[in-house]
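The next block holds one structure in the form of structure tokens; read it before the comments.
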Amino acid sequence: MATTYTETELLACVASHMLADNKSVFVGTGLPMIAAMLAQRTHAPNLLLIFEAGGVGPQVPVLPISVGDSRTFHRAVVASTMHDVMSALQSGYVDYGFLGAAAIDAYGNINTTVIGDWARPRVRLPGSGGANDIGSLCWQTILILRQDRKKFVERLPFITTPGYLYGPGAREAEGLPAGGGPYRVITQLGVYGFDEETKRMALVARHPGVTVTEIQSNSEFEIIIPAQVAQTEPPTGSEQRILREIDPTGLVVGR
Amino acid sequence: MATTYTETELLACVASHMLADNKSVFVGTGLPMIAAMLAQRTHAPNLLLIFEAGGVGPQVPVLPISVGDSRTFHRAVVASTMHDVMSALQSGYVDYGFLGAAAIDAYGNINTTVIGDWARPRVRLPGSGGANDIGSLCWQTILILRQDRKKFVERLPFITTPGYLYGPGAREAEGLPAGGGPYRVITQLGVYGFDEETKRMALVARHPGVTVTEIQSNSEFEIIIPAQVAQTEPPTGSEQRILREIDPTGLVVGR
Amino acid sequence: MEILDEGAGELVGWRDPDENREWVRANKSRALKDKRMTVSDAVRRFVRDGDYVAIGGFGHVRVPMSLVYEVVRQRKRDLTVAGKTAVHDLDILIGGGCVSRVEVAYSFGHELRGLSPCGRRAVESGRCKVVAETSNAGYQWRFLAAAMGVPFVVSRNLLGTDTFKKSSAKKVRDPWSGKPVCLLPACYPDVAMFHVPRCDAHGNAQIDGIIVEDFELARAARRVIVTTEQVVSDDLIRREPHRTVIPFYVVDAVCEVPWGAHPAQMPYEYYFDEEHIRLWLQMSASEEGTEDYFSRYVLGVQDYEEYLERVGGIRTLNRLRQIEQYRPPLPEQE
Amino acid sequence: MEILDEGAGELVGWRDPDENREWVRANKSRALKDKRMTVSDAVRRFVRDGDYVAIGGFGHVRVPMSLVYEVVRQRKRDLTVAGKTAVHDLDILIGGGCVSRVEVAYSFGHELRGLSPCGRRAVESGRCKVVAETSNAGYQWRFLAAAMGVPFVVSRNLLGTDTFKKSSAKKVRDPWSGKPVCLLPACYPDVAMFHVPRCDAHGNAQIDGIIVEDFELARAARRVIVTTEQVVSDDLIRREPHRTVIPFYVVDAVCEVPWGAHPAQMPYEYYFDEEHIRLWLQMSASEEGTEDYFSRYVLGVQDYEEYLERVGGIRTLNRLRQIEQYRPPLPEQE
């Protein structure tokens, strides 16, 4: 029974499966928002959404365009401040945080600041926004980006947001809260975690139809490949239907 | 034309005269509150009242009993937080602050913590409350207390709240904001300021009928007496009438 | 940034921020679940002997008195209490024999109403120990640091005084200005208690009027008990989410206790019961009187409702509401 | 507390807290006085060439666009702008030639809508310089330090990254835990601008929904301009004093500007004008287009009301209100 689904639908569903019920997630716009809303409507009805601009626990009526959008605090339990939610993040109240990136290295460090030289950049990107805060302070970050050799790189021109920095213990040595760091990386090819010993990226599951060779050849750095590699679940018909309800105009899912 | 007035009426009026219009004052309960309300109803209608628990600019309907009393934010312009008003204080927004004391020294340092040894006190007093914050952070503090040789002392058992500490430049050397400190001390005998050069207490004005000898003999430390000593204005009939309006049951003024 | 000086006061309530993060992760639920329970259950489950306790409100305003009495009733012992302008609450706890240590900003007094005989007796006899001094802003900002999940906050108060010397603060040189500044260590109480006008079953609590330091304190404490005049629907909270001061995810217990602040004031709802406060001050002037007070109003009553009857019941409460809401009493009948 | 590391980013907006206290004492009036004026007067009086400017709201939400356009119209130059998730406002100011420096948390992008051609062109050509990096929380807490009147705030973000290396933060060892922490220096912008739903003539401003970082920013800035959908009576403010987010004593100018956030969103009032944002993104793809945009919508109009006519007038604005308030449009007539 083969179903058709788009890459975006797959990523949204895979991301959504990672979010356990009764946990909290710092949500950005776009795919993370879709994934969190999907989780709420499937296995995690009691997932707490927190937005960096101050919205906590809204009943989102329409897909928000911005993290400060009034949709992010529509019928919320708290319409608060950035100070409040960033402090909650720093105090350990936030389980998951989503991050996008222009590029990533083997330790899950990411760049969203600049391509080329910082002082005179070839491409100037928006910078950290809340990404450094999320990557530094939440318990488990989930990174979503397209994978190719220009995005999975040996050496980032700029580390905007910390992953495991340069290996085990590095986060704590630098002063970041203990026990945090990247949990999963989701790309169009598969899902990655981080090796306990080295804190380097390791394959967890490949998407249907993707080979390990494809996965490795689309990364400049070596990805640790375990003996057993799982395969991700493709979106179900019911999930696809919910995705269309969440994003009826295809603002995100249609991409 | 001799009028009769009580000591409390005199102190309230003298304190009230010190408050200029269009300035802000951190108000405590009791006499300071009465003085501030009197100033608002006479020469300083635009005096801004700020209460340490969060009330800013109320239209006080009835004399508040406590600094957190709902009367302190009745029809206020802001009903805020302690963090907010203490931050405003620390940022330089507060011109005057009133303080009471169990005892004072020549530099205007005060004790409201303990009589005897701190670890095993003869008399345990309430401690700083907001007094240290006011004495440290507002521009000009006005101290009101009864004067005698046990209260105007050479050496305090405990400095709860800073005056000029140990002399010129001491506040700044310790890290307190520049330019603050005690402005006036009001007692049942007279009004005192602080000598520019030594930062020690100096007589500014004596109350009607009080002699310089009385002033000096009611202090353990030497009070600087200038060549010319002014005399305070006694309460006018109109001021007395307003005081009765403010405190109809004599809660404070009747003491 | 060299350390120039440090207070000799005992460092109470401080925790390593990483240790507290782990505790939050494991113990603070992010789920919207029903946390309603009785005052008795809440105190039994969340207040322990030896705890560092901090109580919301300010002075005699918006104080969770039903919890305070229950702590006495359950004979909790060896508490350290935050004297963050703590007046009647602290006094009752000391009188009830629950308190062995206090960190003092303002304690052992009742503002204009005079000093506290009970608190003074306990400290002057050595039965209750003052472990550190601070100021109101000093406490506020200790809670702020904890609420932010950082080890300390900078301030410019306390410096140069004995209050600093008996505090747990440190003095360092600000690396930017080169001037000395005060560092206030974070304070994470074991348990904080609040009384609010409305709260939903999950713990989303709204406060009317000034917030004082309850925003920070609720986020700083490990365990949080909220008593509320009224448990309201989730829907009502969601209609005005900007009014939620204490979010459900920091709250462990919600208890509906109408008149729950008596004899303290509940802004917009009821005034101080000055008569009852005066009665306490009179009775607590002696050990015997204090005991009498407790057997009459605390140990000798079954619950808070019986206490309310003993302090005058509906007639008293109606009068306090009238005063708070500026309604003049009816003229005396001939 | 040794300094372990420090960022090489330029320290912008920092002031000695004593110097700022003196400034506050001399320049911020504590008097309740009428501060109403036109947008043109407010910008003329309170925005100066070379200023460090910070703008309230977040992203495309609650942004004082009438002030932003006026800054361009008055050809202010050499501004340093706080890129505190600054999107459309910063883009317009850069396009208008007003900005020479940016401290970046999030800039040169429009969130989901894509990167900003205009901002990128300016930075990549060197016309506009990024002087320092930080994060959203990093900016927030820099403003918090200033609002508190202290030289810095402690945090646990930024550490270990290039964001830290290009920031103005320092890393020290916490004297309590012994762990490294980040110190964020206070940031006192020269001028901050806000758009709010209601404000009285004195400057007591209330905000509906999330406050983002406007509480701290308004207290951190030296000069504050507030535009408001509506100037309301003092009486209305005093009926709900808990809603006042920006107190009059930090405010220098109050301008009544209905629809003053267009094309940004005003929560509960009107939605983003996606069409107009898209138009700007398209036109600003080239220098010529950018110039055309400004002559059509900014320099070529007399005031904000004329701008509102040009962007579609009442018909457009009514539509944006319908969307924000979840009112479905009427079904198409046959």
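Order of writing sets the chain letters: A, B, C and D. Residues in each chain are counted from 1.
To be clear about the criterion, a residue touches a chain if its C-beta (ideal position, glycine included) is under 8 Å from a C-beta of that chain, and two chains touch if they have at least 3 such contacts.
A quick note: this is a predicted structure, and the numbers were derived from the prediction, not measured.
Undergrad: Moving only to chains each one touches, count the minimum steps from subunit A until you reach subunit C.
TA: When the steps are counted carefully, the minimum from subunit A to subunit C is 1.
Undergrad: Please name the chain that ends up farthest from subunit B once chain centres are defined by their CA atoms averaged.
TA: Comparing chain centres, A lies farthest from subunit B.
Undergrad: Count the C-beta contact pairs for A-D and for B-D, then tell me which is higher.
TA: A-D
Undergrad: Between subunit C and subunit D, what is the gap in Å from one C-alpha centre to the other?
TA: Roughly 38 Å, centre to centre.
Undergrad: Go ahead and note the Å separation of the Cα centroids belonging to subunit A and subunit B.
TA: 57
Undergrad: CA centre of subunit A versus CA centre of subunit D: separation in Å?
TA: Here subunit A and subunit D have centroids separated by 28 Å.
Undergrad: Using Cα averages as centroids, what's the distance between subunit B and subunit D in whole Å?
TA: Centre separation, subunit B to subunit D: 40 Å.
Undergrad: Give the residues of subunit A that touch two or more other chains, as numbers and ranges in rising order.
TA: Each of 73, 79-80, 90, 137, 177 in subunit A touches at least two other chains.
Undergrad: Among the residues of subunit C, which ones contact at least 2 other chains?
TA: Only 17-18, 148-150, 155-156, 179, 181, 209-211, 215, 241-242 qualify.
Undergrad: Name the shape of the chain contact graph, picking from line, ring, star, complete and other.
TA: other
Undergrad: Which pairs of chains touch each other?
TA: Taking the chains two at a time, the touching pairs are A-C, A-D, B-C, B-D, C-D.
Undergrad: Any idea which subunit B residues touch subunit C in the complex?
TA: Checking each residue of subunit B against subunit C gives 29-30, 51-55, 61-62, 65-70, 72-73, 79-83, 86, 89-90, 109, 113, 118, 120-133, 136-137, 158-162, 165, 170-171, 173-177, 251-252.
Undergrad: Over in the complex, which subunit D residues touch subunit A? Could you list them?
TA: 57-62, 83, 85, 104-109, 111-113, 115, 119-120, 123-124, 126, 130, 133-138, 140-141, 144, 155-163, 166, 171, 179-182, 209-213, 215-216, 265, 267-268, 272, 274, 324, 326
Undergrad: Applying the document's contact rule, which stretches of subunit C touch subunit A when the two form their complex?
TA: 17-18, 20-25, 28-33, 147-150, 200, 202, 204, 215, 219, 234, 237-239, 241-242, 244, 247-249
Undergrad: Where on subunit A is subunit C touching in the complex?
TA: Listed in rising order, the residues are 21-24, 46, 48, 56-57, 59, 73, 75-80, 84, 87-88, 90-93, 95, 137, 139, 177-179.
Undergrad: Could you please specify the touching residues of subunit D with respect to subunit C in the complex?
TA: It comes out as residues 1-3, 11, 14, 16-18, 145, 148-156, 170, 172, 174-177, 179, 181, 183, 185, 208-211, 241-243.
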